Amino acid sequence: MTKTLQSLTHLSRLTVVPPIWLFTLACALFFTVTTDNFAEIGNLTNILQQTSTIGLIALGMTVVMINGNIDLSVGAVVALAASLAVGLQSDIGTLPAVAVGLGSGIALGFLNGMIVWKTGVDAFIVTLGAMIGVRGLVFVYTQEQSFFAMDFAYSDFGMSQTLGLPTLAWVFLGFTVVMHWVMTSTVHGRNAYAVGGNREAALNAGIRVGRHMVVNFMIVGFFAALAGITLSTQMGASTPNLGREYELWTITAVVLGGTKLTGGAGSILGTLGGVLAIGILRNGMNLMQVPAFYVLVILGAILIAVLFIDRQVNRAGSEEVEA
Amino acid sequence: MTAHPAAIHSAAELDDLRRRAPLLKLDGITKTFPGVVALDDVSLEVRAGEVHALLGENGAGKSTLMKILAGNHQANRGQIHLEGEVVHFDNPMQAKEAGIVLIHQELSLVPEMSVAENIFLGALPRGMFGTVKWRVLHAVAAEILKTLGCKFSPRDKVGRLSIANRQMVEIARALVFTPKVVVFDEPTASLTDAEKVVLFEIIRGLTKKGVGVVYISHRMDEIFTLSDRLTVLRDGKVRGTLETSETSEDGVTQLMIGRSLEGRTKRAAGAFGPVALEVKGLTCGSLYHDVSFQVRKGEVVGMYGLVGAGRTEVAETLFGLRTPDAGEIRIDGEVVAIDAPPAAIARGLALVPESRKEQGLVLGMSCRDNMSMAKLSGVTGRFGFLKPRAEQAIYDEYAKTLDLRAPGPAALAVNLSGGNQQKVVIGKWLATDPEILILDEPTRGIDVGSKSEIHDLIRRLAASGLAVLVISSEMPEIMGVSDRVLALYHGRIAGDFDAETLTEDRLVQAISGL
Amino acid sequence: ADTITIGITQNNVGVDSYQTTYERAFIEAADADPDVETVVLDAGGDVARQIGQIQDLIQQKVDAIIIWPTNGQAVVPAVRQADRAGIPVVITNSQIAEAGFDFIKSFSGPNNIVQGEYSAQMMCDALGGKGQIVQISGQPGYTTAIERQKGFEDELAKSCPGVTIMETQPGDWNREKSQRVMENFLTKYDNIDGVYSGDDNMGVGALNAAKASGRADGMVFIGATNFAVGYEAMGRGEYWGSVYQSPVEDAKNALATAKAIVEGEEVPFLNYFDTPKITKDNMSEFEKPVF
Amino acid sequence: MLPTWSDVGHLAQRQGILIAFILFIIAFSFTSERFASWDNASTVFRQVSIIGTMALGVTVVVIGGNLDLSVGSMLSFATVLVVDLHDKIGPAPAMAITLVATLAIGAVNGILVGFLRLNSLIVTLGMLSAIQGVTLIYSGGQNVDITDQEATWFAFFGRDFLLGVAVPTWIFLGLAVVFQIVLTRTAYGRRVFAVGGNPMAATFSGIRRSYVVFSTYLVSAFTTFCAALILGSRVMGSQNNVGQGYELMVLAGVILGGTSLLGGSGSMVKTVIGVLILGFIQNGLLLMGYQYYAQWLVTWVVIILAVWLDVASKRGRLFTTTT
């Protein structure tokens, strides 16, 4: 028995699939059996489209978290980018407005990164400040107003399909592949693991840790802005309160996917699993018509259960001291 | 990085190189930390192609000097000349670019990454679009590991390697490029003899290419086999630079600690008390099997074996950190169930663990707080309030016994030199007044003076009736301090010897399964 | 007849008693009707989640969708999607942007702008047309908050120029936050004649603060969405007036409208239900709110 | 003996955040004469007492090396419970039951993080959601109120004054003093620091790490209970989401004070200062009459400046030297 268990965990170490995927698949299976509509193509593509927002942010968040930092300002950046992209459309045209939106995310990422680098203040505090302040910028710009995209082409894009999948799902999956490649195959990606895994060692080895972190903050800023824009194409509008609490859900998805809060470990593939797990749970519970109050309890309980199972799987056969 | 010509020089050329102006010159370096003058006007010259040994007690300032050279610290005063030019390093990168490689005393690795990536950290071979050239990386890394005689693969995760193997990875970094100066800061602290031999060959290879090597160690035999010249530091000051061939171990020791060491005090056998600790048929998964032995009161039992033989695991089991699958542990003849360290401590056990940084110390706490940590109940008064005086008394007593060199009781453990950190850990466990003391690699990284003091201390403790189990990878230590020696081979007891009649050959045979 | 399935996605149940009571009333009404089945969802205040829920409802091919918009503009494209899928949409409680009018069958609910105007009129009456007041608004950026504030400010400027608003700060629909804001107002202004709050919950918070500082006497408190605490304070004469709005009626109205549309009946496009002023003088005509 | 300049320098090095706080108070005093008054100061102290009291408990959790994000929902839960039961069974039994229930929630956190060693961020995020659900299920989503506000002695906790100082302020500062003593002078405090500083070394020293972590969650549940008493009594009612978002404000106060998220360091004094900075910013900006979004922008700047001053004084230079 112990033998098989050991060889099993040995296997799980060799496989590249992060453990969260087991849970994601189990959930999918469960809802397929218990509900009528879950396994329909239309529903599955809905899930992909709905998770694409948190998913895009999570791609960037994974990078900064592997790097040993965190970004709490992503929710506010979502709102800022969406407001700019929609609000400026009538003045400067759709594409330039989108460019400004993306630019704002990258610029704020740069600002966050520079502050973290130069002042040495913990990223948690820097981005917590930004979370409050950037929301302020949103309200300064929008004056509390929601904006509405004048041409339906904008929202048509958000609702459109390409090759049988929602376009936004393609965008998300495309960037997932790109980021997976960046984190596994490029020098920049590997250095992110080094800096997060042992900052001192990275410094000793001559990695330009500061600059490196700034780039990663720009990456997460870009993804948060992109998520804001794709979300606004789904709505054809923007609202100043967009993205509230997204930072918490994004971090949850990323950590569920196996990324360490302390940095140095994690993967884009795991994050994808974490994002889908949350999306499937929400969708499945909608389909099962779980009352709103109970959804909160079940979601909370399941998050904890996933951690528990993950730990059991990882611990079996480990030779480390139980300390 | 500026690569140095990798030509092998002839003996004549080398001599010539050595005679020329020094490759590296540290001039009047002074460095203070809050409350400590770590270095006071230190000057040092390293010639191309020489091995220059750096010696000194724990806390003498060796690592600090080298960290200044490598850009980790900045000197308050003084200059660095490299090939005749004044250089200034604000950070490690600049030093690395100038051709200086430091193999850190405290390993500087990323545990989650592969061996190859760690060897090339900060210098991964770059392909198109910034991709990593994995094939080149793994091929070169494999090549380097082969020269080092390492058995593990470049793809292994560093976090899963033993401490010794991690040390080899750290050393491998010196071979990626041909640098101008390589500093080894106690590279052998956790290496076995076989690995040491390889390392020495590597170092000689480097010097043949005209590289200047600085070598720090507390082991005299190494210094004398390897180095051309040596410099002794004491209390942050240079006490002298000598040609190695013109000095003796005793002379160096004298310079280092201001006195010479007496020989070992061997006590008469047969004066031991009753059996204090008895282990029967202890088995734990794949780690070790059917381990049985006894330790009597007043006896020092040494446990020797190759890295990975399972010694640490046996100790951890005794201390309640691992649950055995089978077997029993008796203390004073009574079978005990020890499921956690508090139970072990209550039974009079103490364990000085193998890794001081990870298991021994809370680095962000003061020395005093660390020392009383295993004995909190003993320094607690009414309503759970701590008694500061009792804590201070513990600190004072063991700082004195162990000759601790710390700026004071409130100094943070992280700011102590490696050897002094080890003393804090030992002090912490002595403070619990144990009856059975287990020490896992107690003198790793400790200077000769302190080491002999610790050995004396172990003897004295045993003489006062303690049962002591010492785990060490150093043959002389095991032979010198023990009354009896257990040899472990692949998790099994391969021999139980009386130290008096034991020969080194016999012990080596036993731990190799012969 | 076949049963019909009506899906509803609500704004944020549990954030206040109004929405909770609405949900309960809605479910009760649906249970009582053997012809109707419902799918009840809650967006938790998140626009994106609401859009997802609308898409899920389209996917489930319900017969009608009732939407309590988390944001009046952002849901328009999703509403359009439902319309294209041939599913009739009813908007409840707060109106969506005009651009979406083509895609909905009816709006059922109160008129928040008019409510703001009512509050302004009451304030004017209470102060005799002259005074300095402060305003505590709802959570910034939410339609109800914006509409009430707009209705109040415009009406006051138009028909009661003697009453000036010294300052407006948000109370986020939260009684404790509103209490804190009011404490700061009290420190800052020596003279406050009246307080307008975006709902009674915040209004009572402001009243608490004024009472604690001993300055409540002679200060006029006007709110909106009459809560039970507001009703009681009114009974004690501490609270001047509010706007009476019944979630039960709101819910029944929405369900009936949706059912009528599915069954092919004609319904008015703007199906407002009445939300009258309530003051100490006429409060006996109203039942005490259950929330 | 007069303090020398190096004493001053030493103090500045240890208490950079205190200096930041004083500088900032002085700056605000110039802008509004009402700011620097006894009345206003006592108002702010009263206002921060809820977040402040919670922050004390969370500081203990953070020193022990973990996070507690569930305190926001826990506050909602405890307030709803104590207010609801107040009218049904009387204030004293209501408080007793609420205390037990809140501690029980803390115990669940403690078991999951302490004994099962699950990641504290995700566990407490999951609990954040689950407790919110439980609160809503309990109250049916209705607001609860205390009917007879004038008569009940429950008013003591949130509305009364002792010796001219508000009871909430007494509770906040009193607990801060007690906790500071416990942390620095008792064996328990030492154990918390040890476990947070290096859990492995603590275990090797015979400290029962699981129990210590478990206990820190009981502490934060207890302080949250105290905060709920203040809140419930001050407002004489409760909304189901009254604590929403408090978790981040609480954490902001803790970290702003200078307690490290990594565990093993921190103090109550720091947390009190951190919370006061947050409270005085809000108050000061409101007195100056800024729009709420302008307040958010200033908050952003002040938070970062304050922590920057703190880390810069420890470092002895303004900027980091990292490349």
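First chain written, first letter: the chains are A, B, C and D, and each begins at residue 1.
FYI, contacts are C-beta pairs under 8 Å (C-beta built on N, C-alpha and C of every residue); 3 or more make two chains touch, one makes a residue touch a chain.
Keep in mind that this is a model prediction, so the values were computed, not measured.
Engineer: Expressed in steps between touching chains, what is the minimal separation of chain A and chain B?
Structural biologist: So the least number of steps between the two chains is 1.
Engineer: Select, from all pairs of chains, the pair with the highest number of C-beta pairs in contact.
Structural biologist: A-D
Engineer: Please tell me the distance, in whole Å, between the geometric centres of chain B and chain C computed from their C-alpha atoms.
Structural biologist: Result: the chain centres lie 71 Å from each other.
Engineer: Taking each chain's centre as the mean position of its Cα atoms, how many Å separate chain A from chain C?
Structural biologist: So the centroids are 34 Å from each other.
Engineer: Based only on mean CA positions, could you tell me how far chain B sits from chain D in angstrom?
Structural biologist: Taking the mean C-alpha position of each chain, the two centres sit 43 Å apart.
Engineer: I'd like to verify one number: the distance from the centre of chain A to the centre of chain D, where each centre is the average of its C-alpha atoms, in whole angstrom.
Structural biologist: 29
Engineer: Name the residues of chain D that each touch 2 or more other chains.
Structural biologist: 132, 136, 141, 200, 203-204, 292-293, 322-323
Engineer: Going by the contact rule already set, what residues in chain C reach two or more other chains?
Structural biologist: As it turns out, chain C has residues touching two or more other chains at 13-14, 23, 140.
Engineer: Counting only residues that touch at least two other chains, what does the list for chain A look like?
Structural biologist: Expected reply: 139, 203, 208, 292-293, 295, 321, 323.
Engineer: Which two-chain combinations touch?
Structural biologist: A-B, A-C, A-D, B-D, C-D
Engineer: In the complex of these two chains, what residues of chain A are touching chain C?
Structural biologist: Going through chain A, the ones touching chain C are 37, 40, 42-43, 46, 49-50, 53, 139, 142, 144-148, 152, 155, 158-159, 231, 234-242, 244-245, 282-283, 286-287, 289, 291-293, 295.
Engineer: Tell me, which parts of chain D touch chain B in their complex?
Structural biologist: Listed in rising order, the residues of chain D that touch chain B are 185-188, 190-191, 193-194, 197-198, 200-208, 264-265, 321-323.
Engineer: Given the complex with chain A, which residues does chain D contribute to the contact?
Structural biologist: Residue list for chain D touching chain A: 69, 112, 116-119, 121-123, 125-134, 136-137, 141, 199-200, 203-204, 209, 248, 251-252, 255-256, 260-262, 291-297, 299-301, 303-304, 307-308, 311-312, 315, 319-320, 322-323.
Engineer: Where on chain C is chain A touching in the complex?
Structural biologist: Checking each residue of chain C against chain A gives 10, 13-14, 23, 39-42, 44-49, 51-53, 55-56, 59-60, 71-78, 80-81, 97, 99, 139-143, 146.
Engineer: List the residues on chain A that touch chain B in their complex, please.
Structural biologist: Of all residues in chain A, those touching chain B are 185-188, 190-191, 193-194, 197-198, 200-208, 264-265, 319, 321-323.
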